[in-house]
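Several structures are given next for inspection.
Both complexes shown next keep chain A, but they swap its partner, so chain B is in the first and chain C is in the second.
== the complex of A and B ==
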């Protein structure tokens, strides 16, 4: 039997910077997207790579790391090995991400330094996580296994990344395109998606009160994704094209199984309200399914715009909404835990739902969703103006998100 | 005189902040036993094993129970069998959740 107690729960002041900076990066990445001229760019364009790093490192990874500060004790059923390390992870990740973005846009020489700073941030995170994993005494459950696998992939992804940064700056000679494929797959599919698999199976049934459901789809999805990521990573080292296609196929099947598992959780949930959390999940999964359809179209058309749209939908739609949706659950809980839980039994305390500005949160979901889908349509048509309209909506959504986060943090 | 109803009433002041219902109407309190010297044993569960408030909820139940004047001491046991499901909640909760 396990219980998080106050010794395990990190103080909110430790976690708050991750969420605030993460949301600021969400806004920054939206603003940066205005500078992209989609009529002439490809996915290897430095400005696209800069945007991807601002979004993935600054927003996605920053918020995942912050969330893991609180969730690692819940998921691994142990206190952190050294939770204070989280005080240095966010400044390193912040500085490293900004320097990498600068490197991609203005000066490639800044890349190794930015990459090295990000590497130190991630190694610090991995050190705490692996040392915490070592403390596990009970039989490993699905989420623990997924956290272990995800962090191994992150370690490999970071090593690939630093080699890439050295190559990109001209310090060493390597095949950038091949290694980039391995790096992207290890970090995006290996770490982010595998982490989403694991945490989804803790958080979504918990918030939706889902019970008596099958775990088979997600367990199979984890196996397929692990083999898929390894296949693509190995193929990127030895230029084995067939192996990389095998990896893509397994990853696609894995994501389909994840969608099916989410459908199973949806059907077995007791809590049927369509709140801002549920709406965010619907949009996230709709984006994922839409990206599948585009991938299939790409196989027939070989139109590179499809790859850009797929990436856009997965990043801003699938990742973006699953993360922002969970912010509406995790942040109120952390604030409540810190500020109101000591008052239980002594005075009336708010419910978590009371801490969310409903209208403003719904506005964020609406504007961000419009941003994702109009932006995707603009990319699909290679229509710069339409894409910018989508980006504008995304910016407005980002402003609402920041406003909502501040409202929740300052709730009294 | 101490009886189970008084204890249930006291525990019904403990509310799950996530769903907004008290533990009794959620059906999370499985059994209340009153032993010699008004020692109370509460057997309960939680809606999920991953509940981050697990220890605090147990503490709140113990404190609420011990606020009943006649209770000398309260012991709270958390069990996972039978696993909680929505059919254990009362009709108000089911209706409010849309179950």
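== the complex of A and C ==
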């Protein structure tokens, strides 16, 4: 009844490691945050960079890659070029991330090797994605365009990253601060945020049942973000300060338009239920809006703590909750598809909501949200104890998340 | 917006997660269900169960959904004629009939 080519619907055993490892890294990054002494660190401190890489590569990229194994065929309306490549991407990304974290904390010499391993993982991912993009015969839609742009930025970001790793370990002489700016922007804004733009417009209307809404805000947001990222990347190569500020401004406007698009989807949704998915999205967007306000505060105060708080809110709040929220939809669907879809019409099958441990999922949202906002307040005050309380809540949220993921995967 | 005719009666359909109704028009028996308030995979589940009701040529299945169910259409278009109509409120109405049945 549901016979579908595996290039279109990869087996769950291929995708499951991405989600399990991603959530383990979420927990690991929270535990690692206990070691940060926020009263004395800046955003260029090796321990902060190590935390950022554990969180970005181990948690965010791992889960995005896993989700893309399933979503690339849906979004691009073509089967994967070589879906089996996903069997080698996660081990490479896992090993590379661990080695990079080790390099930042203990030995910079490990960085190029970790960076190279991550580079191979990402190039493998990009190879499959671009070869799948080549198969598109239809007119490109918004999500297809955003996937293409995001992956071009990822490729550029990885190249910047490997040059940075060589410079950081002393193998070549470069301006680390300038290139870092381009690397961060290409990967975080260029890849992660652009991917979120594209996938949000597929997944959020699908689960919120929104229709008859305007696409103009998100389309404008994509154009502004693309120009903004290119501006910052070029300014990092040629030391053009004015161009970088132009890029920051366009990116900020782009994110504001994204928030407005989410509001449009919220107002046009048919499904009014405030489930764990909806709550996660509310917290994610609240974090994003809060980070805007802090950026404005930074412009007036020039207090570096504001940069740390903004980064914390965007990473653990905006990215963290939009990803964990979607795990409560994507993972049950994949498990359902593999385990229960063959039974449709023959016996009663569970729905996605039945596969989620509601109390435990709500606990995860509560503890993680407390962790994000108390941690942010601790960073804002440069108060180590308050920050550690936030981190403790984040750890408890991470344990709930892992427990919930295992519950969903083992659901029978 | 109520899309059911006055002579529609509710029927029990095993394992369905939404209400099913039946009515007759021009000697054709229609089965109708509304999954426009359901998230995936509920529309597909009910459609696959509903399609089991229209084995004969004088039966049709009417599905009201939030949007065009692309996966479902891909899976069923070989065996069924599928008429689609966008409703004024943004929902979509699909009428499934066996390949040799004419509207």
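In this section, the second predicted complex is superposed on the first by the 405 of 412 C-alpha atoms of A that agree within 3 Å, B and C clash if a C-alpha of one lies under 4 Å from a C-alpha of the other, contacts with A are read in each partner's own complex, and residues count from 1 in each chain.
Following the convention adopted for this analysis, contacts are C-beta pairs under 8 Å (C-beta built on N, C-alpha and C of every residue); 3 or more make two chains touch, one makes a residue touch a chain.
The structure displayed is predicted, hence computed values, not measured ones.
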When chain B and chain C are modelled together on chain A, clash or fit: clash
Comparison of chain B and chain C by chain A residues contacted: B
Which superposed partner A:202 touches (first chain B, second chain C, both, neither): first
Partner chain in contact with A:347 - chain B first, chain C second, else both or neither: second
Which of chain B and chain C A:336 touches, first, second, both or neither: both
Chain B versus chain C as contact partner of A:241, first or second or both or neither: neither
Intersection of chain A interface sets (partners chain B, chain C): 1-2, 4, 205-207, 209, 211-212, 270-271, 333, 336-337, 341, 344-345, 349, 351-352
Chain B to chain A touching residues, read off their complex: 13-15, 17-20, 47-56, 58, 60, 63-64, 67, 78, 83-86, 89, 94, 97-99
Chain C - residues contacting chain A, complex: 15, 17, 36-37, 39-42, 44-45, 48-49, 52, 66-67, 75, 89-91
Chain B-facing residues of chain A, complex: 1-5, 9, 70, 74-75, 202, 205-207, 209, 211-212, 270-273, 333, 336-337, 340-341, 344-345, 349-353
Complex interface listing, chain A residues touching chain C: 1-2, 4, 205-207, 209, 211-212, 270-271, 333, 336-337, 341, 344-345, 347-349, 351-352
